[in-house]
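One chain, chain A, links the two complexes that follow: it is found with chain B in the first and with chain C in the second.
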Partner chain A sequence: MHRRTRLSLRSSIVHDKENEHEEQTTPRKRRSKLPVNVIEDETDEEVVPSPKKSARKSRGRPSLPLPKPIVESEDAEQADTSWQEGSASELVGKLPEREKEYDQLVTFVENVLDKGGSGSLYISGPPGTGKTATLQRILNHGPFVGKLRPVYINCTSIKSVGSIYKKISEALGLKVTGGTEKVYQGAIEAYLQRKHKTVMLVLDEVDQLSSSKQTILYSIFEWPSRATARLILIGIANALDLTDRLLTRLKARCDLKPHVIQFLPYTKQQIVTILKSCLEATDSLARFPEPALALLAAKVASTSGDIRRALFIARRLTEGVKKEDRKNGTTTPTAVTTVSMGQVMAVLNQVYGGAQTLSQDLDEGFPLQQKILICSLMLVLKHGKNKDITVGKLHDVYRSICVKRNLHAVDQTEFINLCSLGKKEPRMHRVYLQWDEEEVSAALNDKQLINSIMDDVSCLGK
Partner chain B sequence: MPVLQSEVDTTRKFIKARLLKDRASFHGYETERQHIRDLLQRTAELGESNSVLLLGPRGCGKTTLITSVLAELLPQQTFHRNTLIVYLNGLIHTDDRQALKSATAQMNLENAVDGKVFGSFAENLAFLLECLKAGDRKKSKSVIFLLEEFDLFCSHHNQTLLYNLFDVAQSAQAPICVVGITARLDVIELLEKRVKSRFSHRQIFLFPPEDDFDGRVQLFADLLKLPTEQQLRRMDATYTPIPKEALHNDELVLVRNLFNPMHFYRFSPKWVTEWNRHIDALAKNQTVKTVLKNIYDYDALEGPFRMLLLELVNGLDEDRSVITVESIQELGRSYEADDKVALVAGLSVLEVCLLIAMKHHSEIYDRDPFNFEMILTRYGKFANSSSTMQNIERSVALKAFEHLKNLELIVPMTGVGGGSKVLKEYQLHRLLLTYGQISQAVLKMQFLPTEIKQWAQSSLI
Partner chain C sequence: QESVATPKRNIQLSNIVEECANGRRVSRVLELTPKKTQPDRAADDEPITPKRRGRPPSIAREQPVVLVDEEPKTPKRRGRPSSAGPSLSTPKSASKMKLIRSGAIKPNIHSRDAPVEDGANDLAIARERLHVSSIPTSLPCREKEFDEIYNFLESKIYDGCGGCMYVSGVPGTGKTATTTAVIRSLQQLSDDEEIPKFDYIEINGMRLTEPRQAYVHIYRQLTGKTLAWEQAYNLLDKRFTTKAPRRVTTVLLVDELDILCNRRQDVVYNLLNWPTLSTAQLIVVTIANTMDLPERLLMGKIASRLGLTRLTFQPYNFKQLQEIVMARLTGTSAFNSDAVQLVARKVAAVSGDARRALDICRRATELADDQSQKTNQEVTVSMVHVQQALAEMIASAKVQTIRSCSLMEQLFLQAVTAEVTRTGIEECNFLGVYAQFEALAAFSGITVPNTGRAMAICARLGASRLLICETGRNDIYQKILLNVSTDDVHYALQASKLL
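Take a look at the complex of A and B:
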């Protein structure tokens, strides 16, 4: 009992604190939801050397005399003004290649608004296809601003599934006394009963809410079917079949079944268009020749169609080119170095070919003994019948190889260290090759010694 | 030359301190280091957000690289005033709750009082994100998150922390830089799809250099040599101490107590020249080179090698004022020694006899598992014909068998015939030694009766 009161006291203190600063910064809280960071925008500012930035470099932060504390209130207000001045206008209408989905969403919302009813929607697609960004745009869509009450919640930022109710009611600004899930849920439902502006509830990463009986998902997805709800519910997740898998019961009634919109991965042409529009905005398109862009886009589109990845790669390339610029000392904008195909390939290889770089380094980075170990493993894999290899067996082969080549063979304890196994019964532990066999043999093949070991079947001791 | 005892003592102290504490000086990997340095500096001064993974085998200097970069950047006003460093270790912060509390405390946020953080996990997370979101590229301090043992963070529930950190890093909120340090090369496969998409795929690999044995010999000499006064003065001129206010973070132990040669340095120039000449002679010695080559063939990484040198330096005292070739050979021997052989050589005669019986059994039946009765029968055949080993009781032999089991020289099988339901005399076991190890141990034991040695050679009695 005693402990309990103390705890509650403490939490009330925390609450008080939070409330205090919420009061201070209420205007910010509102607004920080509006100008949300569209990915493209971010990269614009960061990737590309705009004059603004270099100016800031010279006179910006370093010259600030005082250390800046990360105290919220100050921070926030300043942040706010800058948002209003600059970027709010840029943000709307700046999402190339997602016009169709955008229109679809707008018509959906308009329909619901016209009828004065409610609706639910589920948006799926792989990561990096612009789902969240499009939604943010809808939330800021001009004609809707007066009529809708936007609530955006990212479900990964909650710990337990049940606390979603609390989060929603906080976002709606409900006054709730008490703290259990039920109370919050009741409060939200009561709010939906009353007369209110249409609420647009966006739940990002909605699959995080799944629990053993899916009670929460069901209760949330059933809200729109209430007569007075006036709620537009939008769930966003990666899985294509989330509604079929988790929410089978919703199918039973037609009015409950959410509409599904899919965001397909970007195609090559789309990625090129997006990159171009990004680069144009900061006039550094000159750095990227057409084929380089095409290569980049083709590679990204063929594996994932993830626009983030394309932007990250573009950013890395720009960094590299800028570094060269500085080295050469060219500062005039007419003589900028362009990205070469070689650089594109190099970065792409780094990002995609983890294993390839491995086997290049395998050639250099290994001590002799480990190389022989890999060889013996390959030898057994190639010629042995039994693919079930224990460390003991491998050591026997290794030892006979070493004897034959007049090399110093290490003891078994060290050998196990070489395999870097930490198991209790090392001799019986099975060994597998983690890499592709062909790749390893390709990496090892060019050495004389290694080659001769690989062909020497007699060491197998048959 | 009469050697002052204090000189040897200080030399030992100096070299030991340098081997252990000198985490700020780093050599090799120039491009990688420059890359990291650029990233951190850009985060601090231009307010960019970045994420990067530093990968490499254990002991190749990942943490040293980061420490050296920090030790170089922290003395700069523009850097340490603009940044907060948050250090998280996957071995200490075993779940997101702890990691979050620690991060909040290290950032000195409002709900942290004297290093204690109030509120539940959800509240803390919301608060932290609120703070980061409220931030802006131009106004707020940059935060550098150093995540050591990054692969362990991947096993947290839903990867909540990683998702949120990377999400902040890829959207224009407060400028943060996430640096993950890990020994697992395939760590990127552990990330969830949505986390992976938010990570910038900037991976920096550290691999030991190829066949650089000359470099290893050079390293051997460099680590053991004493700096001359001239070199020291040059070092002192470039050395800038990290200012007090940059070290307010208690958790960031990396850059504390760094090695400062001036604290220890009290050598006469004569001693220094003498010592260095001796080390140079050692590095040219062929025997020493062979030992180093053997060690290098086994392990090319620098970290373990430093620990070996530490052992070498530990042996210095007034009787042995210099490192000799013999002591290095001794080091090589102890490095290559098989500890299981040493363990077996310390067993009693009865236990060794049992091991020999097991060896014969395994040889005859091609490593089939055995139980106590089988071994006892085999041993009994030998004991009856031998003159010294007769009349050993069954219970004593069982005791010896149990002892072998406790030493983990043999292990019970799991599954059929091995479970605890079976009487212990009939429980099946496996031998965890090689035949070579047993014969080596038998050779090593000087006091064994000749008949046992002969029995070890062949199973015929």
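Take a look at the complex of A and C:
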């Protein structure tokens, strides 16, 4: 990690000019010696091209990962037909409920293009709110195709923070002599100085680039403020205040401060609309009654507003319906079985009902010794004054309880296995209860045992 | 010289070749045929130098001679036959390594000359069947979970889309066995062409030196080539993000998911992000131990991608454990059914781990086998053997250790317990313990060792983990903590003359 001050910035600009001068001489000579073998056949996996070559090969539009297919929520009989048609392309055409943000983005980019300048933008929002999907649409937006040079990079795919420059220069198709981080950075900055098309650099999951001094993030966010940069920089992350928190020094200069767009979690109505449009695309709307959709959307919107979850639950429901279809042997479209409210409730409870499923699970197979352990822990918590309990202390209490009940108490090593702790000093390790007491007593479901132990203050001893 | 006596245990990728690229087969005698281009290389591969061979090992041990032109090696034991002919180290020749990396050479291990003969009595058969590694064709008591995983995978393969599933449960509850059984039956179906074909890949987090090696393993299982992780990742990313007609579905099983989580969590992110792409057709099944791992350990964006298909394997109760053991013992009359029930009840009360129950049963058969060999008559495994095996498995070693301590060590332990009861705090320092130690020694009429000796005693007890003590640098102010309960100490020392 080298620290970039203003002085070094200036010197590096000077250095870049030298680089530029060099680039006109040396690389050409070198290239004349090196025959570049272009491999046409994409599917041939026998030839393993080194990453550099493969990057050089893909000039023009980068192949972008397509967003989550809409097939997610239709029933599978139609799924395999529409999936073959490639419904993802339809999705790029329109995204329901994200039109406002889309228009904002388009106007932003158009403004920048008209001025011929550059701008930076930061997009935030919780996971599953359609940030990446919206940007895919912008990258494939018709009017922009000729004027822009899109570069999409997902920052989780880089080896270390510093290698982002290498990735960017490969995506731009620059020829770089040498291999250090600084050389790549210089090459990119030199490219921005020269005459070029406006570059649209999209950095997905930009919070992966944060380091101790934030040199990388600062240097990247400084690029748009250069005179001839013509760069549109878009960063995507989950945190609302990433630019304020990590990049405080950008506030000092207004031209550096990125424009911020927020993607809010989906509301109930929006989720209903999205699901409906998905189902209409495959004419399976008859399968979902209105109230069932409303219930599903209300539940998802109240917890997270994550569309991935909503699509997932809808898909699960349709799979269940399909299974029933197979059982009944009805494949005619007239007699379709609909998703009932009961099914929706059941799936939602499975997914979101922590305590209920916990108690169901626990009274089935919950080893006796573990029950006693939890009871003794609760006893100590209830009557003991200090709340940090070591394993050794807990074991003593547990032993005395076992002796009173005429049960065979397990040894301390076994006991530590019961607690399933893996610390260096087991006897000194602290134990905490992770749930509520009511929840535990509901889970243990063995009221007699609990009551008898909870009243047993004498076991605490001392 | 050739060694025929002992089977060698070293695994060599290079010397034993199933099929060389040039079609030459190498014989079993491990004659390393040196390449004509590198005769000196082959000589370097000799693990011993001719200079030192004649020298007796004792001299070499007393005066280690460091030669300049070679690194010092420990002298070979005399008993082992010197390997003049076959070399026993993997050759570093570049061409061999290239062949290994490209997957042209398959790894192979020595096989025995003849299979081991085993007396086919009831007990031996039972012992073989009770081994943890022998997975039965159908897993008893896991039908519901089997159906759930089966339905999930089948529908996803049928639709040709991707997805994730998270399976959790405490160790030994049959998670991996069930999942692999599901995949085996699906592969059977796809061979009969009832469902579309699919590739199956598995990685285990504990078998990787670091999380990013996962890419290497996945790529190797797809193509058979070994590459550096960065290259492997780029190729995988290209494979999963580009559209390809006639792409078959890939099922990826990730065992021990929590090991793959590093600070940046990029590996987990990528593994769970690929299924969300429509081009990938990747189905990921992840297995881990904790129920709330996605919420506790993973970032929000990763937990969102993991989805909500969760399945929890509960610990076995005693009826199920009994059924599992009895299912393995069908057809043999080696076991008393009451004995099986006792094992099942004991294990189910503690952890519900099937491996544990099988191990205890196996140990009981071994004990019965010993008895039958002594008395020369058939013995069935009865309650007595099971009790013995349980006592071995769930034995309290601490009491035994205290009883076998020296007199001074026992006295010191007593001093620690006395100090704990005096102060009422669990942690006590050496000074207070030493004062008690002196008093106790005066009672029993023993001369007290000085503090240095007492510290040595304390350090010995700390090394055997009866006490937990700090390093000895704090001398008399070091903290001491009893690692056994005070009752255990009293119980162990009842028999000794000290009390």
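Criterion: the second predicted complex is superposed on the first by the 283 of 462 C-alpha atoms of A that agree within 3 Å, B and C clash if a C-alpha of one lies under 4 Å from a C-alpha of the other, contacts with A are read in each partner's own complex, and residues count from 1 in each chain.
Following the convention adopted for this analysis, a residue touches a chain if its C-beta (ideal position, glycine included) is under 8 Å from a C-beta of that chain, and two chains touch if they have at least 3 such contacts.
Here the structure is a predicted model, which means the values were calculated and not measured.
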Between chain B and chain C, which one contacts more residues of chain A in the superposed model?
B
Which partner chains sit in contact with A:P126 here, chain B, chain C, both or neither? Use first/second/both/neither.
both
So, does A:R98 touch the first partner chain B, the second partner chain C, both, or neither?
neither
For A:K393, decide between first (touching chain B), second (touching chain C), both and neither.
second
Using the superposition on chain A described above, determine whether A:E205 touches chain B (first), chain C (second), both, or neither.
both
Dual-contact residues of chain A, meaning touching chain B and chain C, are 42, 45, 64, 68-69, 71-72, 76, 79, 83, 126-128, 156-157, 159, 205, 208, 238, 304, 306, 308-309, 312-313, 316, 351, 361, 364-369, 392, 395, 410-414, 418, 425, 427-428
Which of the residues in chain B end up touching chain A in this complex?
45-49, 77-78, 81-82, 84, 96, 107-111, 118-123, 125-127, 129-131, 133-141, 158, 160, 163-164, 167, 170-174, 185-186, 188, 193-194, 196-198, 200-203, 205, 207-211, 294, 296-300, 336, 338-340, 408, 411, 430, 432, 434, 436-437
Residue set of chain A touching chain B in the complex reads 10-11, 13-14, 17-18, 21, 28, 32, 37, 39, 41-42, 45-46, 53, 56-57, 60-62, 64, 67-72, 75-76, 78-79, 82-83, 126-128, 154, 156-160, 163, 205, 208, 238, 304, 306, 308-309, 312-313, 315-316, 350-351, 354, 357-358, 361, 363-369, 392, 395, 408, 410-414, 418, 424-428, 434
Give the list of chain A residues in touch with chain C in this complex.
42-43, 45, 48, 50-51, 54, 63-66, 68-69, 71-72, 76, 79-80, 83, 86, 88, 126-128, 156-157, 159, 205, 208, 238, 304, 306, 308-309, 312-313, 316, 319, 322-323, 351, 361, 364-369, 390, 392-393, 395-396, 399, 410-414, 417-418, 420, 425, 427-428, 462
For chain C, which residues are in contact with chain A within the complex?
151, 155, 158-161, 170, 223, 225, 227, 230-231, 233-235, 237-238, 241-242, 244, 264, 266, 269-270, 273, 276-279, 300-301, 303-305, 307-309, 312, 314-317, 320, 348-352, 394-398, 424, 426, 468, 481-485, 487
